[in-house]
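First chain A sits with chain B, and in the next complex the same chain sits with chain C.
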Partner chain A sequence: MSGQPSLWWIDWRLSRPPLVRETIGRFLFFCLLGFALLSLLLSGGVRRFLSDRYTITAVLRAEVPSAEAEGLARKVAALPPVRSAAYRDPEAAWKEFLRAYPGLDPLRGAGGNPLPGYIELRIRPDRLTGADVDLVVSALRSVPHVEQVLAGEEGLPRLLRAGRLASWVCWGIFGAFFAGFFLVGRLQERARAVALAGDFAFLAERGVPAGRLAFLRAAAAAVSGFLLAAAGTAAGGGALFLSLRKFPFLEGVIGSPSDLLLPRTAAAVALFSCGAALLSAAASLLGWRAARSGPE
Partner chain B sequence: MIEGFRLGAFSRGTTLWDGLDFAFGDAAAWFVTGPPSSGKTLLLSILRGERRPDAGDVVVSGESLYRGNAALTRAWRASCGHVPEQTVADARLTVGDLFRRSALAGGGVRESDRKDRTDRLLEMVGLPGALEWRIAELSISERGRARLAAELLRGPKVLFCDGLVAGAGVPFREMLWGLFRALAREGNTVVLAERRIPERWALAAGDPEPVGPFRVYRLPVPGAGVKGGPG
Partner chain C sequence: MTRGTRRILSALLAAVVSLGILFPTAAPAARDVAGELRKERGRLLEMKEREEKTALELTEALRKEKLSKGRVGELQARLKRQRSLLSRIDRKVSVLNERLERAEKAVRELEAAHGQARTDLQRAEVVAFAGQRTGAGDPWYPSARERERHFMRLYLAADAEGVARITRARERKAEELSGLERQVAVTERKRTREKKVGDTLLSRQEEERRRLADIEREKKRKEKELKSLRAKIARMESVVSRVERQVKERERRARKGAAGGSAAREPAEAPRRFASLSGGLSAPLTGKIVTRFGRQHDTTFDVTIENRGVEIEAPSGASVKSVGQGEVAFAGAVSGFGNVLIVQHGGGLFSVYGRLETFLVKQGEAVKKGTVVGSLPGSPSGKSVLYLELRAGGTAIDPTSAIPLDR
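The block that comes next holds the complex of A and B.
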């Protein structure tokens, strides 16, 4: 290292081993927190899980030709809230029926296939709301080829409410861990400020203003907090990416690995890192103040 | 020039001293002696701008330390070096840490310079290769010399030493004698506070000026004229 020593990273210059330990601990914590954050962002709490299981079924009239039914499925799939729309012809519907209720083959004997074709729709996780479901259902009901729309509308509000509650709980747990990071960080900062009190007094005695020391420590804490959060979240994101690739069934709950690279995900990670930076700076300042005001 | 006007200090419910006048001229080595508990350490704190006197004022180069601009006081402190009689907080540090910390306080010591000067200064005070030694494991003499070397790293214009000469022990007095005179010859000011002045130093310094409970000696500096003295 060359150049003039500055008061930047003063804790690092004065007390390296404890700071290294703290930094490693914080990085590992941010890895876990980053993994959780990205999982929550991609899954939308439990929204993706619900949207993966919730379907709207548009039962078609018996006389609708397959070509028209497929055309209708394509049109429905173009609706903004719809993630996918798949047409099942009467034959496929019958096979599914038999898979679900084996031994009922005789039902077909007399009058041919009694089941009509249908379109199965799935809603985008971010559009799984009462309003969007109503929009899709009313669009389907206005189509003459559709005989009946099965959307579970009676139970849907309850399901959505439960989903919202579960998402809040997930985000609440995440927030509690983030707040825990702040509290533990504040205690660590306080302990370090107490341990380095002699050095700070030495510097203050030699004309270094205490306010400048506190500011520079907080600024360094903010920068390191940002970098650690960004690096930890990137590492957590890498682990999540590998997990999703290795265990594809997780995609149904969390989402596609490619969603990790979306700009909105990157923006959320940047926001999270900024939050970590602010909390780190606040923890540093509060720790400094607590150390100077004596035991709590 | 460091001047104290009508300085007074009250401590432990009594007046330690009051109405004392001092004038420590530049480019000189000053030796202040006083009996135990007479307030020598307190006097140094007041002169360094650390502790406001209970009466009077300290003026440095015409500016009041306690009634003037805070930035000036900080600049004054930054130009000072201080070797305390003892510090408990430093026990966990190594000698190298003292130098690193001193360089931080200086702000203008380049890292490469620091390493060179650290080695030279440690050798000068009789502690070559002591960089990794822990302060807690050093003798009182070694601690004092290590702190002195660390302060000298920044090249302070004014050096305050509290009990350093007595703590250093007889074998290193000659080194300190030469060092303080050399510092003064180079234009620095040294103020030493001790209970007693070594006999040989007292003979060389001549008669002290009595100031309250203190005796103030001016150590002879080859090739320098007298600029000031106790008030």
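The block that comes next holds the complex of A and C.
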């Protein structure tokens, strides 16, 4: 030690109470952002929601035996874009149909079941694109057992467009909140720099370069930002995990809780934390600069 | 030929037969016999002409009968075919009626099924429409809704196909029904037509049968007549030839008898000779004389007949007794007299009993006065006739002059 006081965490030493408040506020904010980030990561925006609602129906020919139909369903499930494929025999199809149109039940007492069996396919959320749907549909149409493929092709582009738009909106909101964090952080940094201007002038008179001071303050802000983002995201992830466990229906919209532990999720969280650190540092520098340049 | 004519001919024949076959008689006036002979020859010729005519008529009747029988046979065959055809048509009508009933029932059932199917389809369409309007199914699952709409289309198509199938089946059945009705109508018309033809054939057959019966009756009548004529002609020819011989014989005798007149006295003595028979004479039965002895004139036919005996009418089956003691000289059938019995009383005296039914004595058997020798035949009228002739020395005498008989 040179005997000179350390400039690390100078703000923490000079203005502790407001900084504690700011830190708590930022942590809570990162909790929310982390929750939103993880939700968006897991759900892919609204893609998971859409992929859960969107199915492709391969209507089989009436004469296809159940065993062959089930074998076909297994083969179709092996296609890369397909998340799941389930065979429904004619009886099940008839029951589903009657649930949708209960008034028809007594009308076909003698006529029997006119419906064939079918295979219902769901697409992976990340593969829910026009190209992948076309791939699956063309593969199904080449199968002789398949009478007709119902892929909602008329409405699919519109649906995908709406999904993309919704995803952009979600990410946009997220980005706006992140940007808001930056702006608020900058204002807070400036206000603190103004409040501590006398102290910083004193230090400058004693030979501490202003640039070094600004750098060290930015570095401390980055470290605290990284840590707060990581902690907040972890807390938000925990809350999401608990929410998904408590409310299983959310899985259809967001995804499985186990996906939270995937490396890509961790990487995304790390990246987010780094981003938060950078924004925190930038906010510190910009606040310093704004304070030095005088009142705005 | 009338009954009177037959009786006259019988009497004539009897006289001639008794004259020719059994007893050579003393000739009456030769001129009368010659005249009778000429008459008989004329009658014979007339009968022969009648015979020819009757034979021709019979031939014609036979030809007609053959033709009529042929026609009846042909009509019978046609009637048989007609009946067979009618039977086939009846069976066909029966089968067609059964098919018609089945088709009508099927059409009724199909109409009911069609109505039900149409109602179901309409209700399904209403349900489908309501589903489209209200968005049946989960609106958060558009794919599921698309599938359900597709299935609804399949459902409606299946229902519509069901209705169309029933409609087609109903139309086919209705067409079949219509065809069957046409067939039934055609068959009924054919049946009526064939029945009319059959009735016509039947009436023609009946008419032909009646005609055939008439022809057969005519034929039988002609045959009988012809047979009778031929028999009479044969007898008459025989008689005529014998009479001719007798005439010649009488002429010969007359020439011989011109020398003495003992023979002329014989008829006057004959009744006394019969009366002198041992035990006398009695009537053969109780009855009424219906034909007298001697020359009799028949006003109906304008002929003169010479009877050699008498005919006594008595109840049918009455017993005939011998008029006196003697021996049966002959018992047998003689043409024109039926069963004839002759009793020889001795001394050239004979009694002849004709038209008997039975003989109760045999030839050569001795009989006494009153011995039952036979009986008269039965008759629907309850009356029969006995021919009685008495002969003395080959000459017939009037039986009433020797035997007390009711006149």
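Please note the rule applied: the second predicted complex is superposed on the first by the 282 of 296 C-alpha atoms of A that agree within 3 Å, B and C clash if a C-alpha of one lies under 4 Å from a C-alpha of the other, contacts with A are read in each partner's own complex, and residues count from 1 in each chain.
By our rule, a contact is a pair of C-beta atoms (placed from the backbone, for glycine too) under 8 Å apart; a residue touches a chain by one contact, two chains touch by 3 or more.
Just so we're clear, the structure is a prediction, and the values are computed from it rather than from any experiment.
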Chain B versus chain C as contact partner of A:A78, first or second or both or neither: neither
Which superposed partner A:V59 touches (first chain B, second chain C, both, neither): second
First, second, both or neither for A:Y118, with chain B first and chain C second: second
Chain B versus chain C as contact partner of A:L14, first or second or both or neither: first
Which of chain B and chain C A:L150 touches, first, second, both or neither: second
Which of chain B and chain C A:F202 touches, first, second, both or neither: first
Contacting residues of chain C [partner chain A, same complex]: 120, 123-124, 127-128, 130-131, 136-137, 140-148, 150-152, 154-155, 157-159, 162
In the complex, chain B residues that touch chain A: 48, 50, 73-82, 87-90, 97, 100-101, 103-112, 114, 154
Chain C partner contacts - residues on chain A that touch it in the complex: 53-57, 59, 93, 96-97, 100-101, 103-104, 107-108, 111, 114-116, 118, 120, 148, 150, 152, 155, 159
Chain A residues within the chain B interface of the complex: 1-7, 10, 13-14, 197-199, 201-203, 205-209
